[in-house]
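Shared between the two complexes below is chain A, which has chain B as its partner in the first and chain C in the second.
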Partner chain A sequence: MLAYVIRRLAYGALVVLGVLLFLFVLFFTVATPDDIARRALGDKATPEMIDTWKANHGYDRPLWPWQDPSDNLLVSHYTSLLGFDFGRSDVDDAPIGQRIREGMGPSLALTVPMFVIGLGLGLLLSLFVAFFRETYIDRAGVFLCVLGMSVSILLYIIGAQVLIAQLLRWYPISGFDPDPDVVARFLILPIVVGVVSSVGSDVRFYRTVFVEESSRDYVRTARAKGAGELRVMAQHVLRNGMIPILTRVVLAIPFLFTGSLLLESFFGIPGLGSITVDAIRGNDFATLRVMVYIGALLFVLGQVLTDVSYSLADPRVRLE
Partner chain B sequence: MTRVLTVEGLTTSFPDGKDRLRVVDGVDLHLDTGETLALVGESGCGKSMTALSIMRLVPRPGRADARVARFESADGTKELLDLPVPAMRRVRGAGISMIFQEPMTSLNPVARVGRQVVEAIRLHEKVSAAGARDRTLELFRLAGIPDPAARFEAYPHQLSGGLKQRVMIAMALCTRPQVLIADEPTTALDVTIQAQILELLRDLQRELGTAILLITHDLGVVNELADRVAVMYGGRIVEQGGREDVLARPTHPYTEGLLRSMPARSQPGEPLPEIAGVVPPPHTWPPGCRFASRCPRVLDPCAGAPPDWVTVRPGHTVACLAVAQDRVAS
Partner chain C sequence: MSGGSQSSLREGREAAAVARPLRWAGLSVAGLLLGGLLACSNDPYPQADADRKVYYTALREAPRTLDPAEAYNVTAHAITGNVYDTLLEYHYLKRPYTLIPGLAEAVPEAEPQPDGGVIYRFRLREGLLFAPDPAFALGGEGRTTREVVAADVAFQLMRLADPEENSPVVDPFSNIAGFREFQQALVAAREADPELASLPPHEQYARVGGIEGVRVLGSHDLEIALSGPYPQILYWFALEFSTPVPWEAVAWYDGVTRDRFDDHPVGTGPYRLTEYDKQFRVILEANPNWYGVQNPEWKAPGAVYPSEGEPGDAEAGLLPPDVVGQPLPFIERIEFRREKESIPTFNKFLQGYYDASGIVKESFDKIVQNDRLSPEMAERGIELSKSIKPTIFYLGVNMNDELLGHPAGERGRLLRQAISHAVDEEQWIELFVNGRGIPAQSPVPPGLFGYEPEYENPARVYDPDRARKLLAEAGYPEGIDPETGKPLRINFDSYATSSAQLLQEQFIADALRAVGLDVRIDATTYNQFQGKVQDGRYQMFFWGWSADYPDPENFYFLLTCDMRRAESGGPNYTNFCDPEFDELFARMRVRDNDEERLAVMREMRELLERERPWIEIHHPETYGLTHAWLKHRKSFGISFPMTKYQDLDVAKRAELRRAWNEPITWPAWALAGVAIAVVVPGIRTFFRERQ
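The block that comes next holds the complex of A and B.
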């Protein structure tokens, strides 16, 4: 298994190198350093100002190694990102590495509880409706799920802010305070919105898996030997159903680090999601490159994790 | 010999629009200790549904009803279809066990086979984990599984089909049930393995005194194992009697056709005889005899009302109007 993981990680490294090349083409040749400078400085910038800005940010060097083998943007793009030396923001010169380290905490404070509660609630509700499959409880559950997943997350966000924060005044509309005594007050609303907006599609998917498993022969065997319905669900259906469910769940775990774009920006949580949204809005190409790079790393990691979790959950799967 | 299972007027139905479609329609059968009753018929005749109905495992939204479904368990007489759910659960796997056609899919793929037998034991008896493990190893030996300790730790996919069926049999017999329902236990196995499994069932039956309800479409298997035979067609039993009587002197036109079409009984070089037509699907079944549309001896009133039982010899009964007329005539 170790050999398999190492091989998968090596393939993953190739994917990441490819993503970096794509990023370079996109951010340095499609959008040239001149474009980046002009966007940063505005329409009225003089050619001199643009040259100074490019020199300050290191964008004045030649693009390709064959233009200058010792000092060029392509090589420094690779060496700095692969060496986790993220440089400074194009917009405010703040060090990107430090900003990411600071943003990770708030992001995880939002996404980890959201993930755990969402997963637990999703599994419980789906086992419940699958238990009552083919009855009106099941049909009502599926109807609610489809309804829930059909509503845009924006409506949940704005609805929660208006109803719970503004009218009922239970929790603040937005904001963040890392003080452990009060931080929960700021996080409850976005966590609830996040869970509610995703639980519908989760339950529908898990339910399909569980209902399908419930009709398998081994479930009939378990009933035939005298197991009760609860035991059948918990011991046999859940364990077998976890195999397809893991694919979806484990792949999401690495992305807990990158936070949530919409929730963080709407609720004013200074996490990596907010940083990404701000970078898109502010044409901060240096930050965006880093975020895309991190996303690629996490995706590769998630895939290896999924394979490993498969082999743990299903004795038929052997990684070789 | 004592009667362990009595079923009268068993009807299993599924909703079909406003009506209910009866896939099992008034089945009567009984089973004594230590004997084997073979329930024979083509696919779709309702024989598996009959078994699942007795176990109350008919898949939703199906429903089983019966005038009588009486089981003489070790702790008293039980009306199976009236039992509350927890009491029924104590019957399943303890008083009445079941093994299935597909050993490949009938075991939980992600649990070790030893654990699955241990679960079956501990569902019904208060034994320690170690005690249940010892019992399982003993059952594995009894079921002819080589190297039980190693097989205990195996997952189903690591065992052959024959071994899996042996595990299923060990699991079904772990609590010494009075009745074993074997639903096509050898259909999915190789011919040599089939013979071994049948022999195992016969040995275990002799040792434990279990009554076996054997469901099969294979008349060779019937010949190997059965004491009595019930032939099913279109959701009803059409002929019932001792093995020799039914196999050697079939009386119902359907049983006659079925036996004539056996390769072993046909002339070499001649095409196999067949029963004309196909099995009608349940929603086209006539109120009378379901075989009427294919029967070589069909009479005018056949499709109108279900035929009465005719006793052709002691313990051998047939539901057929043509047979009844023969007997009046003679």
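The block that comes next holds the complex of A and C.
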């Protein structure tokens, strides 16, 4: 298995190198450093100021190694990102690494409960509707799931803010407080929105898996041997349905670190999603490059983890 | 303790005797849930702050920098304006805008010199202190502050000249004698001695020798020598760019061993920064070292509430007798909360959690009806204030263009005049800014000297017939270019990327098409547009300008030869250049606000009526909303926070917030009931069928 993991990691490294090249082309040739400088300095910036800004930020160097092999942007782009030296923001010169470390906590405070509750609720509801398959509960459940999947998350966000925070006034519309005693008040609403907006597609997927499993021979055998329906669902169907479910779940775990763009932005949570939104709006290309790079790394990691988790969940799967 | 537990045990036994335990369990869970819901509230702030005078406001974007040498946008000024006091300030209520002494004892008079230069002498108040900060330990162990001296202002002026600061205001300060020379000497010295650059800035400046025209005469006297007349320099001493900055703070917050000075302002203002988290919140607390607090007996103009304003202020409740002459500031803390989205921010204002707000586009019709506050809002005690911003939006013509500009001579002039008559700015204002603006007649916006409300620009009258006639005179009858036999093609160079902006440009294109011209909208990114400007490949464009200071010079300079984009990289994007205009500008620039200055401005206006490098569109109007508990707030127009003059009635705020935000819990129970009513019969049916 180790050899397999190493091979997958090596493939992943190639993907990351490719992503870095793509990022470079996108951020340095499609959008030029002039663009970044103008955004950072504002409309009243003179051409002189723009030149000084580019020189101060090292953007006045040649792009490609063949223009200057010893000092060019492409090589420094690769060496800095691969060495996890994230540098400073284009907009305010703040160290990006530090900002990411600060943002990870609030992001995890939002995404981990969202993930755990979402997974638990998804599994529970899908077992529930699979348990009552072919009854009106199952049909109503599937209908609600499809309905829930079809609605944009923006509508959930604004709907929840209007309904729960404005009309019923249970929780603040948005905001945050790092104080652990009160932070939950600010997280409940975004967690509910995050869970509700994703539970539909999860339940529908898990339900399909469980219904398919529960029509297998071993389930019939278990029933014939007199096992109760609850025991069949919880012990046999749930366990055997884990493989397709794992694919979906494990792949999502690394992305818990990157937070959620829309939820953090609308609920004012100072996490990594929020930092990314700021970077997009402010043309902070240095931060964006780092965020995309981290996203690529996490994606590769997620894929390897998924593969490994297969073999743990199902002894028949051998990674060669 | 033990008695209590015994009694509860007894009660428990008695309870068990009268009811089934299951019911109790169910009831206690329900009680917990109910308790949980009853305890919930939508108040985003700590309860402990409810009775404090904390002004809450939203921060839409994080400031790029708080360094007073660089900060140049509204967001940053909302913070730096409270933290850094300046030598001069603006009167809170008077209009036209009037300068008053701030850290300086008086507004200096210009002293013309035989060599053509002008000198201004500032005298700093004695005993001014910087806000407490650990940086002052550099001046002596255990020190947390020190007195403000004239050298601190000189130090900041040298920072403005330092190319490493990349200050946006080098141009206006270059009027100080020796400013550019100091800049060049600094660059040369750094090149000659690379070790110099590793020294703290104040040591580097000292080695280079300072700016010739900035003379520190003792600890409190400062002489600013200009190389020629530039009366507007005084306005620059009312902006944070020229605030005294302690060398200790710049050396201490070096960005290497400690945080950066950009994030650690150390000033002399009524507030000081105590928390700076760009993603979460920014907190300013009243500065205990502020001169208004330390020396209330001075009754300095910038440290007490003013006793006079413009006509109408008293009626508007801006001069309450119990407040006039009272020491500032009234508000003890300013809390900026980071809000990225406008809708949640506005809804929090409606709940009472922000004290003031603008109006989001999406809710405009709900809030403002027939140009007045809707009855629903008025009932809540919300007040609507309107003010015209000292800003102008205009259509510009590239005067270097062969077809439309100077090279086309009289034909080009007639063509520009025709375009000027073809665009209906009133319809524009109605369509695109919800009617929030007034048609611009000349470059000078209201509130500035030389703005004449009764003046109507004859060249800006919307008259398509006149436009067609002018086109015919220019040799393009019905807009047809005789050379091609087709409608004359004009390029509209747009940097709009949003659909809303494109609609605006479509409106202008349609207006010109209506008189027979063929308009092609050439939309690019902002950066590509700048590239076209640099290469001179543009014809018409939409642009705007906001005043840095309230003087008409700050608008007319945009049309001078010296400021041409093509020649000097200046902000004259039209490249308009007319010796007569420049000569008039030179005269108006140096005159005080008197009849002669007005006469010169009228002549300039007339020249522009004829030449039409700008086709003025509108001066935007801002609509602000405030809650009834925010007291004596007057919209200022230019970006100065002026928070020190405002006050809060916290008791009223707490009462209204409570009334508006009482949680409604019954729907939770109704929902739980419905869920049980749906699921329980299903389960029962299932088991019955299985049996």
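Just so we're on the same page, the second predicted complex is superposed on the first by the 317 of 320 C-alpha atoms of A that agree within 3 Å, B and C clash if a C-alpha of one lies under 4 Å from a C-alpha of the other, contacts with A are read in each partner's own complex, and residues count from 1 in each chain.
Just so it is clear, contacts are C-beta pairs under 8 Å (C-beta built on N, C-alpha and C of every residue); 3 or more make two chains touch, one makes a residue touch a chain.
On a predicted model such as this, the values are computed, not experimentally measured, just so you know.
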item: Combined model on chain A: chain C and chain B, fit or clash; value: fit
item: Angle at chain A between chain B and chain C, C-alpha centres, nearest 10 degrees; value: 150
item: Chain B versus chain C as contact partner of A:215, first or second or both or neither; value: first
item: Contacts of A:316 with chain B and chain C, given as first, second, both or neither; value: first
item: Which of chain B and chain C A:67 touches, first, second, both or neither; value: neither
item: Which of chain B and chain C A:227 touches, first, second, both or neither; value: first
item: Which partner, chain B or chain C, touches more chain A residues; value: C
item: After fitting on chain A: smallest Cα gap, chain B-chain C, Å; value: 5
item: Doubly contacted chain A residues - partners chain C and chain B; value: none
item: In the complex with chain B, residue positions of chain A that touch it; value: 133-134, 215-218, 220-228, 235-236, 239-240, 243, 313-316
item: Partner chain C, residues of chain A touching it in the complex; value: 31-32, 34-35, 38, 40-42, 44-49, 52-53, 56, 91-94, 102-103, 132, 135-137, 158, 161-162, 165-178, 182, 185-186, 229, 265-268, 270-271, 274-275, 277-278, 281-282
item: Chain A partner contacts - residues on chain B that touch it in the complex; value: 55, 57, 59-61, 86, 89-94, 97-98, 100, 102, 105-111, 119-120, 123-124, 155, 157, 168, 171-172
item: Chain C residues within the chain A interface of the complex; value: 37, 40-44, 46, 61-65, 72-73, 163-164, 166, 168, 171, 255, 260, 262-263, 277-280, 337-341, 343-345, 347-348, 350-351, 353, 525-527, 530-531, 534, 569-571, 661-665, 667-668, 679, 682, 685-686, 690
